[in-house]
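Quick notes on the structure that follows.
All chains are identified by letter, namely A, B, C and D, in their written order; residue positions are counted from 1 within each chain.
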Amino acid sequence: MTEILDIALLSFMIVLAIAVSRMQNLFMAAMMTGIFSFLSAIVFTLLDAVDVAFTEAAVGAGVSTVLLLGTLSLTTREEKIVKKNNALALLVVLITGSALIYGTLDMPNYGDPNAPVHQHVADRYIEKSGEEMGIPNIVTSVLASYRGYDTLGEVTVIFTAGIGVILLLGHIWRKEDEQ
Amino acid sequence: MRYIFMSIVAFGTWLLWSGHYTLEHTLVLAIGILSCAFVVYLAGRLSIVDEEGYSIHLIWSLALYIPWLIWAIIKANIDVAKRILNPRLPIAPRIVRVTGTQKTDLCRVIFANSITLTPGTVSLDLDEEDIVVHALTKEAADDVQSGDMDRRVTTALEQ
Amino acid sequence: MFIAAMIGILVTMALALCRALLGPTVYDRILSVNMFGTKTVLFIAVLGFLTDRPDFLDLALIYVLINFIGTLAVLKFVTYNDLGADPEEQNRT
Amino acid sequence: MTIVDILSWICLIPGCILCMIGGLGLLRLPDFYSRMHGGGITDTLGASLVLLGLMFQGGLTMVTVKLVMLLVILLLTSPTSTHAVGKAALTSGLKPFLGNPDNKGKNEHD
């Protein structure tokens, strides 16, 4: 039954993606990407990846729309029309896409109990994390404790990126203040 | 006083959502209390903790007003839905001014929000005395200009 | 039962999407994006019941708030062309 | 089929139909200001009925509490954002469509 929903949502996403790429007005394109991430969050929910859907909602629909708008206020709202032959770019995209699709052929089916993911440490996390951590959400305890060093690395990367953005944008703001 | 009230509300909400009612997981509870305190501190720095956020006295009067509002919303919904479905029923969009007799800002906002919540009328702008309303039909405009809703908000909430 | 509700919401989403793609003015599009967000919330709420696990309602709650704040941020950008603008200041000058 | 199921049906189906009518209104109505009313239908009665129908299914549990919160937040925020869109359009100078002849001279705002 959920196949119908999947097909409907994915066709919405295709329509939106084409619209975004054809659109000259960048502001509209930013709004459309907002809808796009709403849709992809629903698809994540359908795939049972609720935590990813949370992140997609907060980052994709919330923060990145605001960041795109902030960028737009520093530049123009209209796309510059470039008349160029893009055959090479299309070729590259097609090759990359087909390589990715070829890669999915090796992947185990969705929800397959014999998939490597379900054979490794997942059982232990599910059985023990409740008594070991005392946190109801298993994903939280995996991220914050079992894979704590991994998360620390990710946080460091994001922190560095944040500092970079502040340095880049803060420079512009300082200039405006001095004027 | 307001801060205490706000902390209690924040912690109550946290308890409700987290589902940790017992003292079993002290760490999680402590983190909850800390985050509530942080939220209250931030709200204090933003200076958004004012009289309007602390209007418990309105709850009883709202209980009188809301059923009438729901009935008005249902009626207006059916009317607008009929007009969308049947092209022969005329729509006559117009902009009118409505005078609100409320004194406090909060009640004016409640009045304007009630206008918007009723389909067929949308409040576009507020100034010191009037509310600019866009109405979909003549009937909706007459209805909101007759001052019925205005009277109800004023008598229910400002006594 | 829930699948009927789901299809209804999907049709509404498609209609809102049409308006967002057609919409002559910026405000039409913002309105339909906002409505699309509301329908997403309903969709997730119904989806939880369809799959028999209504624990996902937290997600819907977050969506309502993000949708609201997102709409306001977009409107502020459209009106003042700057997210850091202070409306009071704009009125004074 | 219990009585609760019937109650859910009674709420869910009209809710969905109202949502679709509102979406149709969003497409069919002539100008931006009228379209706001179409969006208003789906946000108020449509969404409320759908959530109410789900509440009957949820029963007296945490789920219903969350649904009630969802409904309250939705009803508080949706008029605010509709008003904000309308006000932004008005300040930007978007002229409303006032097509009917009996409207002439009554447009007090101009």
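Worth a mention:
We adopt the following convention: a residue touches a chain if its C-beta (ideal position, glycine included) is under 8 Å from a C-beta of that chain, and two chains touch if they have at least 3 such contacts.
Bear in mind the structure is a predicted one, so any value in this text is a computation, not a measurement.
For the pairs B-D and A-B, the larger set of C-beta contacts lies at B-D. In this assembly, the C-alpha centroid of chain B lies 15 Å from the C-alpha centroid of chain D. Chain centres here are Cα averages; for chain A and chain B they lie 35 Å apart. Rounded to whole angstrom, the centroid-to-centroid distance between chain A and chain C, based on C-alpha atoms, equals 18 Å.
Mean C-alpha position of chain A lies 30 Å from that of chain D. Residue positions of chain A in touch with at least two other chains are not found. In chain B, the positions touching at least two other chains are 19. The set of chain C residues that touch two or more partner chains comprises 13-14, 30, 58, 67, 78. Interchain contacts close the chains into one ring where each touches exactly two others, per the touch definition above.
Chain pairs that touch one another are A-B, A-C, B-D, C-D. Those residues of chain D lying in contact with chain B across their complex are 18, 21-22, 24-25, 28-31, 33-34, 36-38, 40-41, 44-45, 62, 65, 75-76, 78-80, 82-83, 86-87, 90, 96-100, 102-103, 106-109. Residues 1-2, 4-5, 8, 12, 15-16, 19, 27-28, 31-32, 34-35, 38-39, 41-42, 45-46, 50, 53-54, 57-58, 61-62, 65-66, 69-70, 72-73 of chain A touch chain C in their complex.
Residue ranges of chain A in contact with chain B, taken from their complex: 134-136. Listing the residues of chain B that touch chain D in their complex gives 16, 19, 73-74, 77, 80-81, 84-85, 90-97, 112-113, 116-125, 132, 134, 136, 138.
Residues 1-2, 4-5, 8-9, 11-16, 18-19, 22, 25, 27-28, 30-32, 34-35, 38-39, 41-42, 45-46, 49, 54-55, 57-58, 60-61, 64-65, 67-68, 71-72, 75, 78-79 of chain C touch chain D in their complex.
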